[in-house]
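Both of the next two complexes hold subunit A, though its partner changes from subunit B to subunit C.
The block that comes next holds the complex of A and B.
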């Protein structure tokens, strides 16, 4: 575990040199928040109106948090990196080193994600306060709860994207699979809380990875309760263990098919 | 002059044909890229079904008009990325000195450069655009207007990218500016104009011409008006001319990096 923490730390430290470049990448975050602000202001003709249990301010804060989780992850780049490692044979250099490729990728990616998370959270909170003028009701317990849930969501999401990237052992380009995954997260987990969907599909979304990686932390932020927190953490731990197992399984099966030409 | 245009069209056709043949080498990836792009775009219909269950009219658009808006946005994006892919990497091409390859050819530098490769997944966007048109309502008039607006819109999208990428001739690494404008154009294009207020609406008809690429075309297909069509054609002409003028003006400042690379 110590070596992985070292990988995490060195990735975090090296990216501290590029804070400006990383921050520039968040322009699209500002654009999305601006679009959703306009959209929800239009849908909620009266700001005090409650739709499906959410006020307009709660809905905008919900989107701010889900977008923080998604933007800090930079999943498309990470998926492409895993895919390229397999396609180009780069993975062979990692296999001979005294660490596991899955854990190495996970901790290395979490290093950069941590920095991006801190930066985009500051930006999101500032934007939310400028646009809405207030925060949801927060306590020390709720802030800690949301943070724990965000960390677990990011780890689970990273593991899922790692497994999608590792499918490159079987097909050449996994980007299309990643596009669909990202859009499912966006539509079913980022834009709307599950209460906005028909009652019949709400349990499906609630017990799907989409809830664990996107909706759950945002829901805790806008409407915290101890019961929801415990329920969320249980769901996230189950998904963490399942995703860890699946990623290792795909890696172990796939790496046997690896054929690298020297040169 | 006419012979020159004919020769340029032939060269562009061959360039796209060979780029497509290169991509067809791996048929599974080719087909999966297109199919998954259609599914990827299709996911957004869920978003609008949910929104329209809350309100019957969003930003002055009915649900059918939203389908048309998505169709036009996908069509313009798809055509521009498929035929003029390198216009969206132009800033990098200028900075890394890769324009050398096109300067030595006896053809139009800008056109040869932007048509030198194709984006296969963009075919998925084009097909998705056509599916949305079918869902909106198929008629001879709608097909002609949809294709005309799609082609003109894609030329405007490409021109905007060329204009902002050409800033690299003067200011060096300006990919960030070009990428941001591109991101703004793509993100705003799929939301109805009516939900936005203030200065952003002025931008839709000036530096971010979404009015020409999507908003006026939706109005035009829903309710034909000749002045709107003339406005789109005129706008396309202005942005295309600006793209050529700015690029060739900047090209005078271009200096090679003596980069050695092979085009395969």
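The block that comes next holds the complex of A and C.
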């Protein structure tokens, strides 16, 4: 475990050199939040109105949190990196190191994500406070609970994207698969809470990985309860274990197919 | 075959590897056809090779492009799985004990970076120490030792991205030595370097081999690397070992030929003399290739007439030429 923490630390140190460049990338985050602010202000004619169980402020905080999770993940870049590792044979040079490639990728990506998460969270909270003037009801317990859920969500999401990238062992380009995944997250997990969807598909979304990686921590942030927290953490732990198993399985099968040409 | 004995750290027996490569007929029609009915070519990259390497040896494992040397090295390091045959590296099977083996071997691939470019060499070395589970105090001592051996003082705290290629390769080698590997695989470590830096790298590899008794398996297209570092050479061509011999044998006996450059007072006619091949004949300067199986050097000098010689230089055939001849022979 110590070596993986060192991988995490090295990636964090490495990215600290580019803190300014990373921050510039968050301009799009500000624009997005501004758009959603206007959209929900238009939908909620009266700010005290409740639609599908959410006030306007809760809706905007919900989007702020789901967007923090998505923006800090930088999934497209990570998916491309895993793909390139497989395609260029770079993965081979990780094989001969005394660590597992899946865990190496996970901790290395968490190193980048942690820095991005801190930066975009500060930005999100400042923006939310400026636009809305207040936070949802928060306690020390709820903040810790939301943070745990955010960490688990990021780990699960990283593992899913790793699996999608590792499909490169079998097909030439995995970016279309990633594209579908990212759009599902956007539609079903980022913009609207599950209560906005037809009753019939709500349980499907709730027990899908999309809920575990995106909606769940945001829902906890806007409406924390101990029962929801425990339920969320159980779902996330199950998904974490399942995703870890699947990613290792794809890697183990795929690496046997590895052809490293040239040089 | 050299190196067989109780000291062997690498033993390869009847190793083979086959690749399935997709083939496509030309044009759009060919592309469509390959979707519906893909065709594959079977490429035998490595065919039944056997050899062993003793502790502390520096061996050259060379061959023309596509000869199968990199595939063999990748099987020895555990990157690729062999189709047939066995590999024993320090008592371990690379395809089964890859992780355990990783602690005992080091690899430097001249064309691939293993260092974190945004970190300094020092941070990189600490990173490698951590992933090989080496206690911090030992890593510090090791870095200090290697810093001196590889003369890294000037740039140990400069981010890798700002280093020259030569400096980076030195750091790559050091990073591979942090965990004190017993075997070091160097795949084209001097590629793209200028002659002065190449020389430096060779000196450092030699020094490291002497100091730590590390076994080195070197692949390089630069014959000087091989000539200056290796005592033994294994040449692979078309997936087979075509030569496994000491460098001395290769140099002096393989072709049994010497080159004589001579400046004469008067012209001498050596046409049609058995065992002598005239390479150049311009004014009073002659360049001869003497086949030692047919003529001795003294016979050749007698034919030139010793009183007729102003200046003479006798040399071996350049190693590069010998090796390209072996490559060509292998192609026949």
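General observations
Quick note on the criterion: the second predicted complex is superposed on the first by the 263 of 263 C-alpha atoms of A that agree within 3 Å, B and C clash if a C-alpha of one lies under 4 Å from a C-alpha of the other, contacts with A are read in each partner's own complex, and residues count from 1 in each chain.
Everything that follows uses one rule, which is that a contact is a pair of C-beta atoms (placed from the backbone, for glycine too) under 8 Å apart; a residue touches a chain by one contact, two chains touch by 3 or more.
Note that this is a predicted model, so its numbers are computed, not measured.
On the superposed subunit A, the positions of subunit B and subunit C stay apart, so the two partners fit side by side. Of the two partner chains placed by superposition, only subunit C is touched by A:14; subunit B is not. Contact with subunit C, but none with subunit B, is seen for A:256 once the two complexes are overlaid on the shared chain.
By the document's definition of touching, of the two partners only subunit B reaches A:196; subunit C does not.
Look at A:226: by the touch rule set out above, it reaches neither subunit B nor subunit C. With both structures placed on the common chain, the touch criterion links A:24 to subunit B but leaves subunit C unconnected. Once the two complexes are laid over each other on the shared chain, residue contacts for A:90 go to subunit C alone; subunit B is not touched. When the two complexes are overlaid on their common chain A, residue A:50 makes contact with neither subunit B nor subunit C. Overlay on chain A (Cα): least separation between subunit B and subunit C is 7 Å. Overlap of the subunit B and subunit C interfaces on subunit A comprises no residues.
On the side of subunit A, the complex with subunit B involves touching residues 24, 27-28, 31-32, 35, 38-39, 41-43, 51, 171-173, 175-177, 179-180, 183-184, 186-188, 191-192, 196-197.
Residue ranges on subunit A touching subunit C, taken from their complex, read 2-3, 6-7, 10, 13-15, 17-18, 90, 92-93, 95-99, 256, 258-260, 262-263. Chain contact summary for the complex, subunit C toward subunit A: residues 19, 70, 74, 77-81, 98-99, 102-103, 105, 107, 109, 111-112, 114, 116, 118-119, 123, 126-127, 130-133, 159, 187-188. Across the complex, subunit A is touched by residues 26, 28-29, 32-33, 35-37, 39-40, 43-44, 46-47, 50-51, 54-55, 58-59, 121, 176, 180, 183-184, 187-188, 191, 194-197 of subunit B.
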